[in-house]
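Two complexes come next, and they have one chain in common, subunit A, joined by subunit B in the first and subunit C in the second.
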Partner chain A sequence: MSTKAEPLLSIRDLKVWFPVQRGILARTVGHIRAVDGISLDIGSGEVLGLVGESGCGKSTLARAIMLLEPPHTGQICYGGRDVVGMSRLQLRDYRRQVQIVFQDPFAALNPRRSVLEIVTEGPLQHGLIGRGGAVSACGQLLRDVGLHEDAMYRYPHEFSGGQRQRICIARALSVRPKLLVCDEALSALDVSVQAQVLNLLKDLKEKYGLSYLFITHDLHVVRFIADRIAVMYLGRVVETGTRDQVLATPAHPYTQALLASAPQPGGVRGPKVALPGETPSASAPPPGCRFHPRCPIAVETCAVVDPVEQNVQEHKVHCHRATFPV
Partner chain B sequence: MTGTESIPKRQHFRSVLWQGRLTRVCLVIVAVYTLMALYGEGVYQWYTWSDQVAPYQVQNLRERFQPPGPDHWMGTDSLGRDVMGRLIQGTRIAFRVGIVTSLIAIPIGVLLGCLAGYFGGKVDDVIVWIYSTFASIPGLLFILSIAMVVGKGLLGIYLGIGLTTWVGVCRLIRAEVLKHRERPYVLAARGLGYSHARILFRHILPNVAHIVIIAFTVRFPASISTEVFMSFLGIGVQGEPSWGLMINSARLRLWEGVWWEMTFVTLAVFLIVLSFNLLGDALRDALDPRLRTDGN
Partner chain C sequence: MTESLLRVEDLSVSFRTEEGVLRAVDRVSFDIRKGEVLGLVGESGCGKSVTAMSLLRLIPCPPGAIDGGRVWWNGRDLLQLSPSEMRAIRGREISFIFQEPMTALSPLHRIGKQLVEAQRLHLPIAKAEAWERGVAWLRKVGISDPESRMLAYPHQLSGGMRQRVMIAMALILEPKLIIADEPTTALDVTIQAQILKLLLDRKSKETSVLLITHDMGIVWEVCDRLAVMYASEIVELGEIDQVFGSPRHPYTRALMESIPAFTKHHDRLQTIPGSVPTLYDIPGGCRFRDRCPVAVEACALSHPELKTLIPEQAVRCLVAQQQAAREGGGHEHEG
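Coming up: the complex of A and B.
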């Protein structure tokens, strides 16, 4: 995988804060720091798995990348260019090249439009196909996502969850994107259907030359599809590395706890690390290391100093006490 | 899964409407009224075009206060005019008022509601401020003052009712658009780079359109009763038979036992308003079961 070359999408110190307003004058009294200083690279043709517990800001990050939430500060660079400075035309192209598949396939399709309209509206709007080519383009896309061509004349409510998710994927692919953001795209599906869609996504990656930002809380999915893994906790990325490194030799205590909590096939589990307490509020994150109130190996420094990124063996870890394998 | 199950298509809609016997009766009543209004409009246009005095305007002082009988099924009024003919003309006026005021109020309400709900922020603040201002003025006073400015007659009624009743529609649409704005299908449309106008009017609006239909069935009878009341007060329809005028004139001789004009007209108003309201409820259930608890 080409992680050394210029990354396709590069996020630098991105912060997405939501103001908390009070009173009749809507005074801003604080911020929910959903995403609080994240830097990530996604290489061309790469699958980056983003894992973390619910509420840690994974989906907000996805929405920020889709330009659905304005960032507080920070950069989102695509092809070496910051989206903030892009012209209208460039932004339009960016929107085309970065597409998203949502978690809930029942809410993600407009119930009043036929599959043909849903799938071909994008390319028609972007001038990728003409009116005359709509039906054949739609047929091709539906075949690619494993649906029958006849599906194009039907409406979303006539399909099952897995089929709808395939339609969502076809809609995303219809504008020939380079990067597909899968925001918990499998979580709402039955397990057997999850496997089918996961395989489909893997096949489509080769066929369409895609990169994925694969957001999930399911470590098995990440193991299957990701090249690299980023672990998020409370608005921050705490650890990034290649899949095997992160899964086999996690360096951050949070990653270790996360991996230990996941059920293993065959019932074999590593040493159980139960984290005390609950995730702190994103509107008032703890000082120092965000993880220190729950960290089993925290020392005094952790409560005061925010850990900087450490680079060891292509792991990038934010931790004072990261335990690296020898 | 979620509550976003799409509404099954037309056959469901039809079956729900036809299933309730009450709803069916209401539909028939509304249909009969519509025919009456169309017939009345035809009669009115014919006598206007041929420049004759229409039979419902013919005064015959020797036949004043005739009780219902074979010549006049609903009797005659204080000037000997046929109550039934005038009742049908009243239906014509009522329908005109209902339709025209809806055509004024609903587009304004839908447009402003869409803009407020979709764009939020400053746009929302301004629109909410406007409709709150409108809503804070006692409705009838406002209608009266508009009608006074434009002058007595149908135009005053159209504008008076039309320009004040969009508030409810606007509120409903705004709330619904607000809900849809954050739905993944809208987010996906934004992600695909569609224009705001396309997202708002091609994607969201069809999903909130049922509110327009429901709003129409609520607005229609409300407009009719407002018109009746305005005409009763004497600032409404002039020179043409309106239900309000008829009630006003009938009230004078009621104590002398001239019951028929008052009875038939109030019955007419009662039936149409009741039917439309019941039909509105049924439509709401048929189009969107989740709205059932909203009550408005």
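Coming up: the complex of A and C.
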């Protein structure tokens, strides 16, 4: 967090486990620890980029924040208040203020509803606009996301992927949220369309003073939009810091490997294999540091002792051997 | 100049749909040279996958139809071969790696059976020998404990592992050309690097690769030459250093500028205004002109040809061609 003000959203030691059931009695034989002890803060007006590879739990974390998955343990606090203790009215307000844009704009829009219905359902429900104001509110939102007003009378199948993602963004913005969770919101789009949507998200953030939790596997995208970056590996956050700190002087060996493997036009030719093997299963994470079986600098301790958070130069790193290149 | 292995001349492919005839590939010409990795890039719907699949005649007909062109392979036109002659080439001489291995592998058969079948279809070898070769190839592509993986079903493997199996299957008959359609798009970057390395290792063994991707970073890392497609046709084709160093087609330039780099910080990203023209009724003139920052009136009048401006760099752009002519030089593209 850049300021001492209270964070907008604060996650403390959150765990989201899914039971693994076997046999006709569906006995629980274990858990997939999709999110396994995560603490994060998102400040007001801040963009937190959450990066990690598939299966590391970043989407589960997003779903937990959206209250779509019940946490096993841990806290999600919004504006200083734990969502678990919230009254129905407070929860309703939380659900309005925290909105999500999903990865697949083809699956996220009801094909039988017009854009007008899709975009204005939320604000009508929340009493933010009346029936009479729906058309003008929808028109304004569509203009905000760079679509023509006429789009409101059309149906999702009439739009391209990039346009649909704009409709999803308009829907999310329609209820005047404070925090927008973007879960791989650009991954399904072509690069030139990605660039348009990224610019749009940046503009909207300025215009409405939004905060983003920006979940992606693409480090280029994070570089463009994030103020701070958190790197996840196998259900845990392994490193957090400001964008420049994490990208310029990554401290965790996993972050270093991610940066080294990302293909970069104009860089060194040839694929750069920075890590051997694959991510282990989240149902049986390795003991000690979860990254140690693939870590190029692991020592004996790493296989036994789970590293605690170290705090160096505002980086927060979970690693016994974290180094800070000067 | 290096010998070409496969030569595509004026390939056109269309699809008959309810809305009309969609021209997915429009007079595409290029060649793949011995031992090289040729990148075919472009955005979704530009025709790159259809081009690749047409080379092996994997387009469902109908609704698809190969309207014209030739695909020269070893002195024969692949488009004229009988279905059985074509089957003898697929997998044996030219193999294909798909983006999503789960749809390319049979979910009902064990990995081992599929690897054995692929070999016995083309080679007169015994089951036991084919099984041994299968184990050896799984090991080569970096699968640990290959003996037990041979007995696994595809759904029991991770995405990276399945893609390795696909690569083993594509390489096991030691083809001369591998067509890889977005082979790493579904994978994580750390796994992607491993898979690309596997593909490149084959290159030294005189196998050529046609790599279809939308990721310019990957193209830069592994390709020798690059063909950029836009609205069903190739708009720029050239050697990698030249195309990246001085892209001459405005679309190639725009594509490169729209990628955020993490070495420098951007306040805004370059975008391409407008959208791709419909492929049902392609307008005359240059197909990129409505979105082009340098378009002139003449761009609407005639459809530009793909011309070689300097050795190893051909461009389909009137403005670039005129500029090159002013600078001196500029000769007709041989294809």
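Methods note: the second predicted complex is superposed on the first by the 315 of 326 C-alpha atoms of A that agree within 3 Å, B and C clash if a C-alpha of one lies under 4 Å from a C-alpha of the other, contacts with A are read in each partner's own complex, and residues count from 1 in each chain.
Just so we're on the same page, a contact is a pair of C-beta atoms (placed from the backbone, for glycine too) under 8 Å apart; a residue touches a chain by one contact, two chains touch by 3 or more.
What you see is a predicted model; the values in this text were computed from it and never measured.
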Between subunit B and subunit C, whom does A:C77 touch in the aligned arrangement: first, second, both, or neither? neither
After superposition on the shared chain, which partner residues are touched by A:H217: those of subunit B (first), subunit C (second), both, or neither? second
According to the stated criteria, A:A107 is in contact with first (subunit B), second (subunit C), both, or neither; which is it? first
One more residue to check, A:L116. First (subunit B), second (subunit C), both or neither? neither
Quick one: is A:L247 in contact with subunit B, with subunit C, with both, or with neither? Answer first, second, both or neither. second
Could you tell me if A:A195 is touching subunit B, subunit C, both of them or neither one (first, second, both, neither)? second
Examine A:A274 and indicate which partner it touches, taking first as subunit B and second as subunit C; both and neither are also allowed. second
Intersected contact list for subunit A, partners subunit B and subunit C 161
Inside the complex, what are the residues of subunit A that reach subunit C? 53-54, 160-161, 190-196, 198-199, 202, 217, 219-224, 247, 257-259, 261-267, 269-276, 278-279
In their complex, what parts of subunit A are in touch with subunit B? 63, 66-68, 91-92, 95-96, 98-100, 102-104, 106-113, 121-122, 125-126, 155-157, 161, 168, 171-172, 175, 188
Provide the residue numbers of subunit B that touch subunit A in the complex, in ascending order. 1-2, 4-9, 183-185, 187-194, 198, 203, 206-207
Could you list, by residue number, the parts of subunit C that touch subunit A in their complex? 43-44, 158-161, 188-194, 196-197, 200, 214-222, 244, 254-256, 258-263, 265-266, 268-272, 275
